[in-house]
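You will see chain A twice below: alongside chain B first, and alongside chain C after that.
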Partner chain A sequence: MNDVTSLERIQSWVESEGWAAILAALLLVVVGVSPARAESPEDFFRQNCASCHTIGGGRLVGPDLKNVGQRQEGEWLVGFILNPQARINSGDPYAQQLLDEARGVVMPTVPGISRARAEALLTMIAEQSAMERSEFAGSKISDRPFTEDDVRMGREIFIGRNRLAAGGPACASCHTVNGLGGLSGGRLGPDLTKVYERIGSRPALAAWLQGPATTTMRPVFAGHPLSDDEILSLVAFFENAARAADDDSTVPLLNFFLMGLLGTALALAILDGIWRRRFRAVRRPLVDAS
Partner chain B sequence: MQVRSQISMVFHLDKCIGCHTCSIACKNIWTDRSGTEYMWWNNVETKPGTGYPAQWEDQDKFAGGWEKKGDEISLRSTDKKRIVPNIFHNPHMPSMDDYYEPWTYDYQNLFNAPEGPDQPTARPISRVTGEYIDIESGPNWDDDLGGSKIYAANDPNLKGLSPDQRQQLSAIERLVFFYFPRICNHCLNPACVASCPSGALYKRGEDGIVLIDQKRCRAWRSCVAACPYKKTYYNWHTGKSEKCILCFPRLETGQAPACFHSCVGRIRYLGVLLYDAEKIEHIAKLPDSELVEGHRSMILDPNDPEVIESAKKCGIHDAVIDSAQKSPVYKFVKEWKVALPPHIEYRTLPMLFYVPPMSPVMSQQNGDTVDHLNNGFFHDIESSRVPMKFLANLFGAGHESKVAYALKKQKAVRWYRRAMTVGDIDMATAHKMLQAADCSVEEAEALYRLTSLCTFDDRFVIPPAQREEAIEMMKDPHEHRQSVGFGFSSGSRRGL
Partner chain C sequence: MEAGQTYLDEMLFAVLPYIALALFFLVSIQRYRAQRFTYSSLSSQFLENQRHFWALVPFHYGILTVLTGHVIGLLIPRQVLAFNGVPLRLYILEGTALVFGLLTVVGLVAILVRRWVFVKARTVTSPSDWVLYGLLLVQAVSGVYIAVIHPWGSSWFAAAASPYLWSIARLNPEINYVVALPWAVQLHIVNAFVVIGFFPFTRLVHILVIPNQYLWRRTQVVRWNWSPHSRRLPR
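Let's turn to the complex of A and B:
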């Protein structure tokens, strides 16, 4: 009943406004799904930058951006933000130094970045730098030593036995970590066994988990952020995994392959058993039996 | 009563000499094309023997025909439930080895071989691969009991015979065999038609000939598996299945099918039978022991005014009814009850009937002379050299009574004619035997004449084809009138 009335309303609206209404509706749809919708620089920073950078909170994967405007001139910074790889490739010594400090992790080109947005970001960073304590001064992750419980909890979250509170998918659907057992995790995303070592520190990894910035993970977790407790557990789990990791990560891969081979052989043997009385030939067995 | 007409056949096995002329005639006309080399729409088997393809009668292996489950019958091979999971691999298909790999000989070598110390030879070449092959079997590999230890010993009809009987079948001076020529039976309840997922097989309305529409066939080969007589074949060249067409182009022009026409022993009879199509389902579900009698009961008396009236109502032409009244098949099957359907237990209700063979006269060497044994020319039916049980497995669904009846009548006619022409048998005894065999003197005369003195026209009573009327069942004959002129007719090709 409700559907019918709303449908009728739309119909009457379309009839009264004609083609202009349809065009307007289409435009609305296009604008509605466009990623270039208006967004404050703070929100943009939180979603795209905060996983690697702080403002006054110390270095994560990328450098602390407090007073970045005093370290380099604005034009250089805008150029770097728009295309970090190109600036590094150009042989710029400062860009090379940044790369070395980040232990070879190249800053990705942020999706949806534009010159205007970069400039707005720099302005915002300058404002935040002037504050006593910036709202981007680093994650609030506790620095207490990890316990066995944290690691166990992190593992449960990773394999999805404990669901993420905000409804995000379990890590194991795309990632794996050595020693998960069974068929281990997914192979869509990178192996996370050494992620703690790669990212380098507890706050860096926590910041990453707070707002994963890669093009694949961002849309998946945009609406489902991880809670602080979950992040703590996961960091504990990753730290433990990196420490306990066997250097040879080909072992689980080999196991997987062997299990596949064994499974195939077993399946064929079972099928052969089920259809053992299947029709093969008639004349040949008669001749062979005589 | 739903009267239909069916062109039916009788093969008189007592007259078959196993010359294979029928097979050659058929091969030359229909199956000498590429892709059909291995097909024998007509073949002659030696019994006991495994036949072609090997052990086709063993439905535990080939799963052909219908199976009675409770009150219902279903296809043994691929019923509706099983056809989906098995559609790309029918599990009961005979392999090429079960038929045989067709071959020719390298005749050119006889002319072209370089000069050498030996005579050149013509080695066999496969007609499938074109490579030299060692011949391992053929379509009549077990002919005249060839390879008996393998082939005759594994005849599925030996089921139920005592070890003694089996042993005697191949014992010296008792050894016995007979011939079993086979074509498509053009059944009333054809499993091939029922199994086809494409609906390419059909039974022609006016004469009951079962055909495969070469344009609708999609090469699923369900018919090959479903036919318990293994009389549909897959043509690997056109990608379509083919079968005996009962030489319908010949029939429609009033000629007997090629295998009938060429039969040296004149064992083949052909004529129209009228039957009640309403009974098909009921009869196909009868228990094994009632099948032969039930099948016979479907065949209607073409002289019965009631039947004639119904037949006319059902659109059967007067000329066909007239032909049915003269049908030799009706006499053998219904009046005299000496012709029996092969393997009626497959429940396809075959419309080709066989007069079971009398066993050959037994003789024994006495010094320089060969004498007949004590029981004379016309031995006791019960102790026949071909065990009754064996014939019953072939023609009586395992039940001996119908086969015994047919043999007794044949024997009585022999005694009667012996008394008549030679006179060394007392006529009174002959009459007594006829009476015991449920046979009047007139019937004996008629049976004798149609068996021994039959002319071409006695054997083949072909109804005038009513194609111009029959075609109206399928399409409007005026459909293309004034719309087409010269054109091309297309042959069947692989694919859609």
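Let's turn to the complex of A and C:
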């Protein structure tokens, strides 16, 4: 009986102070939201930087960072890392030179970067630069010539018919490439037809695929990295696709939309057929009489 | 907060969902306790039912199917991705989803036209109804826009939206999944949470009290005590 009375007391409190109770609960929920994580500079570099930079392994999309601290002042580098676009826009000549060398690819602002993290990264890069061979000295992707089998396998992986071993989603979920056929691939992310040319080289594209670093792809692939074999096949596929002819990529979109409209008209006709006797019976006389 | 995410992102994708969910649960319960007789969707079918058919039927079949699709993507994302691995299956799934999305839009437009044009229906339409119809229209139109302009949603929902929504459920929102998505997708997500938060203040509460037993109860016989051919009610 005691339970019932205390429950009743809560009920009556909620009834009398209903809105106060709701607001209090809301506040509790909002205050409770605060994520925090810690990462070593090496892990951070692997996840966010290694897709475009090596330390002593040569240029990828971005420059080789070996001894970067001797080429530019620390404070400049920290500022650039925190907001590359702003530094480029400011008309800084060195930033412009970097942009030209990267063939116009702007370094994105890395999610999770902060002044402290940037400084820790520069310290780590200086340490790695002093080593004979840094652990970030480049990819282990084979440089044997691509075969037709590589291209075909890459295409199967891209479409998703051949699933990624670690469980990542197929490329075609969000990306398309010319000549894919059917209704083509996805269009949440950019068209990848010319990605091989944009990124510039096999090691650069391979490194990028080892840890995709864009804001959206990073979390999606963080727990599902691509294997070296998968990367090799995909790079072969992209290298092949970049040589494919241009075609009007809006045609599949239009076809898809028109098919949707047709299907909708058909569905409406079916619904009309199913309920064709709908105005008889009970309601119609009532409506007419009102 | 991490750099690259703005304060607004944090508000929209990490705070708003919790406000919406809290409002949904607390106000729904409170309204059921305090104003039980308002817990329905006030019927307007006795006012007229010619136009009503083209509003009611496409809308409900459309939205229920599309919502079910979202829930499936949330619950079994890996299976959805595996299913979509064959392009033909993906295209059939997406085409079907688009048709039901378009049915939802057709139904909603018919609802709005009928509620506005037909005076008897307009009279029983409350301000909360109008706001709700507006929100639902934004949601349905943005959904169709995304389906056409940013395919293939069934795949990338499973890959990116599903883990984002689960991160909310785990009370550790990982907004990196969504902060860089196209504006239409972000609008769709934010508006969805607005609808969830606004839900208990609207006629949508009828979803919580659908008389499911109508599906299996015995049929009721309705008899008229006048000639059905006269088509007139006794005055």
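Going forward, the second predicted complex is superposed on the first by the 209 of 290 C-alpha atoms of A that agree within 3 Å, B and C clash if a C-alpha of one lies under 4 Å from a C-alpha of the other, contacts with A are read in each partner's own complex, and residues count from 1 in each chain.
Note that in this section a contact is a pair of C-beta atoms (placed from the backbone, for glycine too) under 8 Å apart; a residue touches a chain by one contact, two chains touch by 3 or more.
No experiment lies behind these values; they were computed from the predicted model shown.
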Which superposed partner A:Leu253 touches (first chain B, second chain C, both, neither): second
Partner chain(s) touched by A:Arg278 [first = chain B, second = chain C, both, neither]: both
Partner chain(s) touched by A:Ser129 [first = chain B, second = chain C, both, neither]: neither
Which superposed partner A:Thr214 touches (first chain B, second chain C, both, neither): second
Contacts of A:Ser142 with chain B and chain C, given as first, second, both or neither: neither
Comparison of chain B and chain C by chain A residues contacted: C
Where chain A meets both chain C and chain B, residue numbers: 275, 278-279, 282-284, 286-287, 290
List of chain A residues in touch with chain C within their complex: 11, 14-15, 18, 21-22, 25-26, 29-30, 32-33, 35, 82, 109-114, 159-161, 163, 167-170, 172-174, 181-183, 185-188, 214-216, 218-220, 253, 256-257, 259-261, 263-264, 267-268, 271, 275, 278-279, 282-290
Complex contacts: residues of chain B adjacent to chain A: 50, 53-55, 58, 61-63, 91-95, 97-98, 136-137, 149-151, 153-154
Chain A contact footprint on chain C (complex, rising order): 2-5, 14-15, 18-19, 21-23, 26-27, 30, 33-34, 45-50, 53-54, 57-58, 61, 78, 81-82, 84-88, 90-91, 94-96, 98-103, 106, 147-153, 155-156, 158-160, 163, 171-174, 176-182, 185, 222, 228, 231-233
Footprint of chain B on chain A - complex, ascending: 275, 278-279, 281-284, 286-287, 290
